[in-house]
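Pasting in a structure now, in structure tokens, and then I'll have a few things to ask.
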Amino acid sequence: MAENEDKKIFTRGNEALAMAAIEAGCRYYFGYPITPQGEIPEYLSRELPKVGGRFLQAESEIASINMLLGAGALGARVMTSSSGPGISLMQEGISYMAGSEIPGLIVNVSRCGPGLGGIAPSQGDYFQATRGGGHGDYRTPVLAPGSPQEMYDLAFLAFDLAFKYRTPVMILADAVIGQMKEQVVRREPLPPAPLPEWALTGADGRASRLLKSLFLAEGELEKQTLKQLDKYHEIERREPRWEEFMTEDADFIVIAFGIIARIAKSSIRMARKQGIKAGLLRPITLYPFPVEPIQKLSARVKKILVVELNTGQMVDDVRLSARPGTGIELYFRSPGAGSLPSLEEIAGEMERRFR
Amino acid sequence: MKQVFSRPPELIDIPSHFCPGCHHGLIHRLTAEALNFYGLRKKTIAVSSVGCSVFLYNYIDVDTVEAPHGRAPAVATGVRRVLPDRFVFTYQGDGDLAAIGMSEIIHCANRGENITVIFVNNSIYGMTGGQMAPTTLLGMKTATTPYGRNFSNDGYPIRMAEFLAPLEGVAFSARVAVDKIANLRRAKKILFQAFQTQIRGLGFSFVEFLSACPTNWGLSPVEAARKVEQEMIPYYPLGIFKEKKETDHL
Amino acid sequence: MDNFYTDIIFSGSGGQGVMLIGNALSLAALDRGYLVTYMPSYGVEMRGGAANCTVVISTEAIGSPVIGFPEILVAFNRDSFERFKNRVKPGGTVIVNSTLVPDYRVERKEVRVLPVALNALAQEIGDERLMNIMGLGALVELIAVVGTGDIEKVFPKVLGRNFEKYRDLYLKALRVGAEEIKKIK
Amino acid sequence: MGKVVINIERCKGCGLCLEACPKKFLSIGDKRNLNGYYYVQSRGEGECTGCSSCAEMCPDVVIEVWR
Amino acid sequence: MAENEDKKIFTRGNEALAMAAIEAGCRYYFGYPITPQGEIPEYLSRELPKVGGRFLQAESEIASINMLLGAGALGARVMTSSSGPGISLMQEGISYMAGSEIPGLIVNVSRCGPGLGGIAPSQGDYFQATRGGGHGDYRTPVLAPGSPQEMYDLAFLAFDLAFKYRTPVMILADAVIGQMKEQVVRREPLPPAPLPEWALTGADGRASRLLKSLFLAEGELEKQTLKQLDKYHEIERREPRWEEFMTEDADFIVIAFGIIARIAKSSIRMARKQGIKAGLLRPITLYPFPVEPIQKLSARVKKILVVELNTGQMVDDVRLSARPGTGIELYFRSPGAGSLPSLEEIAGEMERRFR
Amino acid sequence: MKQVFSRPPELIDIPSHFCPGCHHGLIHRLTAEALNFYGLRKKTIAVSSVGCSVFLYNYIDVDTVEAPHGRAPAVATGVRRVLPDRFVFTYQGDGDLAAIGMSEIIHCANRGENITVIFVNNSIYGMTGGQMAPTTLLGMKTATTPYGRNFSNDGYPIRMAEFLAPLEGVAFSARVAVDKIANLRRAKKILFQAFQTQIRGLGFSFVEFLSACPTNWGLSPVEAARKVEQEMIPYYPLGIFKEKKETDHL
Amino acid sequence: MGKVVINIERCKGCGLCLEACPKKFLSIGDKRNLNGYYYVQSRGEGECTGCSSCAEMCPDVVIEVWR
Amino acid sequence: MDNFYTDIIFSGSGGQGVMLIGNALSLAALDRGYLVTYMPSYGVEMRGGAANCTVVISTEAIGSPVIGFPEILVAFNRDSFERFKNRVKPGGTVIVNSTLVPDYRVERKEVRVLPVALNALAQEIGDERLMNIMGLGALVELIAVVGTGDIEKVFPKVLGRNFEKYRDLYLKALRVGAEEIKKIK
């Protein structure tokens, strides 16, 4: 498409992400079809071969994540994408990647569950994404885009983090952010990254290398996990990202992410017109969670309203972050066709609770 | 006097963790010899799997990535797609490859990934303590078939080398044994052939090794080797089931 | 630019080219300096032949691209008319394809219905398939945010080579649609 | 005429080598190594041809052969 | 074994659980081998055929959980067991069972991760178990036995809850509880349970039945999820179970579960001798978490010490449960061979923090 | 006059959600006819899968459980083990059965589970919008093979009916088409045979239906049916590949 | 001599039935049903034998046949 | 019953019957009214031939069945001796099989070492494999919680039919082990 050559394009969130992945140096994609992320493989199957990359439709999500593990072990920038059920199937592989310190990007364009559920947007995979749905003590950075522009931008960030910390990184989007089109401003593609010094390439002129997650000897696994824990602590210190909107003078704060945060912004504008001094804090990184700004705001504001498109998951992190005694309320819509709240609905909740 | 037999340098010089008389040790050595013969050490990426052979990387001195149980063929595919000019092999047990990893091995074979799969069929789950494998012979008692494997409950033992052979992507498929010297020498030749298949870019190559697990069979090493001959080979015939001579898809 | 906001649902069946005109409108409004979101229906929603998309055009940052209760509905067939007609906001408008929905009726007083016999008129100008473009012409005339000229400019992007080939037909369809609305609005 | 060199500390006494020796040159002795295995040794009779069968059959690569 | 016929037996945790499952009416087992739960399938492969049940070693954990789903759909009492990596692979299936409201018992005799990790005991799957490691908004009751006796007892409870609430239930044990032998007192086997009225049996003399998790129509999934949410709220109200040990007069409380709680009890006895008035609260249900007793205790005691064999997971639930302002500290050992804390070690921590 | 053709009562009388000309509708009807013929409605438990046919239960009036994508054979195994005297069938697409569900179908077949599998091979992922399936023909353009399916990247289209046939547990395996009346009538016979295989307790029965997906093939229904004849059948020959006459394991 | 009864509201106009009719008895008309499909109808010439081919080939089970 | 607590690690290689005597001790102590836990090594730990188990006997509820630093170690071979000897608690005791570990040495003063030539003595009474029973006899004599009579009572449970067949041999092994300890403790 001609429009792709411009720096300003009008495009779907899923396509923006796929485009950015290539520009961030991703050359390998392994994935299995699922709605609502279909445009990502569709775009990459067309575009990757043009830049010398490889696209492979894997036979399953389990194969996908393990191909990611194999390709990632060579230091390649590699990604997969899926949704709900597919992401569940990847949990063992993600745990292995985390345990073996192999980077890679996993995109979850979230749909509603549990089970087959439906294909409407959802934030019901928050726990899975932020708590490590797989076994063992690990975390993966989780980035939550709020627009096609951020689908684009966060793909760059995701690869940065993945290689900086040698970890799988998840982008947790939702069906609306993935499917909607909006204007996206592109940046310069990244130059090729140097091969990391741990990458497997064949033991040519050096000792052989090994990437593994099995640590059987006494004390070995504990040491390894504590090393990783240091890494997670560093991530928690250095990498939280969030957006604040009209918080400077706010008496009330809404906390929401992804599509809900977008809608809530409009609600806040509406509420402000009605004289409610509300603001929004939008976590961009769900892990690391933006603890500090919430702590700060919670010391000042009268009430916090958490709005989620699930039955209440992020609210736990807000409670764990806010100062003791902060009034924290939850408004949720359980995801499903037709349950995305409107701006008026959220504004109504603000009215009810902040008045 | 000249040294006529010595440990290949690709086989790291440490004691092995295998039980006495376990054939994994033999198959490791043959693998190292093949790597040696074709000078592959520097360009090999191995994919280890989960089973008694999980420590492959402690013994074979090449770059290695550890795959989750059953997923080595998918991991190898990831490797292969990034570095198409390297030598890539997986080493997998029968639980790993023929039970949990069935989908991955078939799709990898069907894609004709240019890798070599070393498949160790000891008709049992060694590492986890002797449960039934997909390859366990009918009637055989294991930790989870205390009354003997029974077809109507547990299905038939599966012949992977034959089963995979018809797939278009498969360039080479064979079954060998290392229970005695003649079989072992033939096994070595066939393994070398499989390596060559990959080196020549012909596609997916597969060598099934019948292998003894004295520990979980409850037999002495010598008896166990005999069981390979007397019970396994009759059901799992040795031979080459597919052998492409040139690429058909380029 | 003055503060402005509107949202439209285009709705019809799979083959009717609903997505295409949603895209065209979006790009034209974008060129005019508006903020725009476009949200298609997707996945199993599309099985059985339904297709719809929502376009929001605004001068302020847009919250939800998903609109439960649109200001404007453009309904190309009966199913979509029935599905969305009662969701149109009070004060809103429905452009309905009266060829396929001759007995269109909205029970609510506060909603204006503008019938355009899209299939019939499109057939008249030579190709029934142009009904979507004609619907777009009607909509553009109604909202008066972008002109048919703006639409013309983005046509090459959304129609590709077809536009070169059938330029006049497309433009005519656009015009006829607009004129129909002028007559009745 | 051959010679086998046995790394007795690595031997697990599995007996596969002796089974393989056409000359029945090897046997398991009555002494244990540090790992507690009765290890393999030359039977002290017959002659080794250096055919390598024993070494090839040893899963623990315990035997070197010279000829 | 003759000893099995007695009511008092000396047996392994894993065997106690398997035995209890049969006595609780379980007649079907589907599972895939993994350490350290091997004794469960070993026992059941031997014993199930004797009582007219079926034992099938599935080809994978994914097959296992889906066989569970199929058998459970018929109203049968059915179970599987696994550990870490295998449980990760079951997440999609568990989510489907929850979504389709199909009961079944999933046993996780936990080992350490992430990845292949090791086979030492671990509590690193706490998040996965309690937050729904699978996609979507669902929860599964999670029972955490602290002894072979509880492996036995909780198997009964697990089936009770599974059928009462039409939900998969998890028993989260660990390698020590599973492998250790101790005395177990058996009870009377349950009489056969009547077939639930939703069970698939063939539409003979009635309308056909359907068990599914796909709810596509507008509003349908939201309604279904809210119905399930009511169920979860009921579970949270009615089913929390916990043990208190020397809490009546305690100034300090240790909160721990499973093997750690066992060890901590001895530590508390030791601490008491040194004059530290400490007590223990041991959650037996991890979900529903025993919020109320923790709330009550936290209002009274000076400090709470959470002890975990992971890098700190349950501590979140304690923080979410305790009164704001409660002093909550965490002591953890990262799991791995050799990292199980001794009673002296935990006592030392108590000394350090409670003095 | 007598009614010589009518909707079988097992096929619920509601409009279908399938696209015009989609062969799923035909295969649903044949399934209902088979249930009807053998009087199975009251004793059947169906396992639906994930794909365009996920709504099987909206159309076929029997007790049904919805399986996760690819896992219907495992779900059916669970069903079968609990109620060995019921009639059990799965209905699965080619993405479902031959991609993600490969392991489950093979092991189910190998165990000889006494169930019937209705396999709908339309060489594409219908429901998700036309991506490559394991069965997509070489050269065919799909949403994820924009330059046509290419063996060296994507592997060969897999012939499931032939592939499964050699497994010992398989009692019946066949491929049929419903692209025109002669094939359809033969398909019906063969489906009935498969049902009978189960009724007689002979083990696993498998019927692969070649099926048109006009929507994702970008063809009219009539052209799509023609593509089945002209492109699919030459690669996927119709026929019976295995047919056991009696149980061998009882 | 046969008769076909077509449930026109269920017809999706796919045309598979007409292809199947040995008598070319059926055709797609120029009227749409409520779902917007041009539905199948008798061509008004030739004769239906009641062979059922059309009905058997209809994926939507739109046709009943009498004979 | 007076307050009592002890813990023992039995350790050797796979074939040496370590688990069996741990079980026998546990059952005997249980019969005597003690609380008992038994914890085996398991899984990959056992590959390469190592086997060990830990028995805790107590009058109070037992916390951990896993003991990092045992009061007593019974080591049947060199590997296990080397692995555990430095973990024995100050004041603790090691019973070591001096046949296989002739050069046993514990560097720490506070640990008592009691060598018993188990293989040799077992061979003397007719079957080297009885060394584990002999080791148990030694241990029982040492801890004096249960008597050899108590062990005898549980033997049918842990040895099954073998016990009926070789009853005298087993009891003799038990006795010899106990006597050896009496000599040196």
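Order of writing sets the labels: A, B, C, D, E, F, G and H. Residues in every chain begin at 1.
Definition applied: a residue touches a chain if its C-beta (ideal position, glycine included) is under 8 Å from a C-beta of that chain, and two chains touch if they have at least 3 such contacts.
All of these numbers come straight from a predicted model, not from anything done at the bench.
J.: Just to be sure I understand the contacts, which chains border both chain D and chain B?
T.: Touches both chain B and chain D: H.
J.: Could you state the distance in Å from the CA-based centre of chain A to that of chain E?
T.: Comparing mean C-alpha positions, chain E is 30 Å from chain A.
J.: How many angstrom between the C-alpha centroids of chain D and chain A?
T.: Those two chain centres are 60 Å apart.
J.: For chain E and chain F, what's the span in angstrom between their mean Cα positions?
T.: Once rounded, the distance between the two centres reads 39 Å.
J.: Out of chain H, which residues touch more than one other chain, so two or more?
T.: 43-44, 49
J.: Note the residues in chain F that touch 2 or more other chains, in rising order.
T.: Residues 18-19, 54, 66, 68, 99-100, 102-103, 107, 127-129, 134, 154.
J.: When you check chain A against every other chain, which residues touch at least two of them?
T.: Within chain A, the residues that touch at least two other chains are 35, 38, 54, 56, 59-60, 62, 85, 92, 96, 100, 115-116, 119, 212-214, 216, 338.
J.: For this structure, enumerate the chain pairs that meet the touch criterion.
T.: The set of touching chain pairs is A-B, A-C, A-E, A-F, B-D, B-E, B-F, B-H, C-F, C-G, D-H, E-F, E-H, F-G.
J.: Where on chain H does chain D make contact in their complex?
T.: Contacts found on chain H: 13, 49, 77-79, 100.
J.: Which of the residues in chain E end up touching chain F in this complex?
T.: It is residues 28, 30, 54, 56, 58-60, 62-64, 66-74, 76, 78, 92-93, 96, 100, 102, 200-205, 208-214 of chain E that touch chain F.
J.: Quick check: in the complex, which residue numbers of chain H touch chain E?
T.: 23, 26-27, 30, 35-40, 42-45, 60-69, 157
J.: Using the touch definition from the top, list the residues of chain E that touch chain B in their complex.
T.: That would be residues 32-35, 38, 41-42, 45-46, 49, 54-57, 59-61, 85, 115-116 of chain E.
J.: Going by the contact rule set out above, which residues of chain H touch chain B in the complex?
T.: 43-44, 47-49
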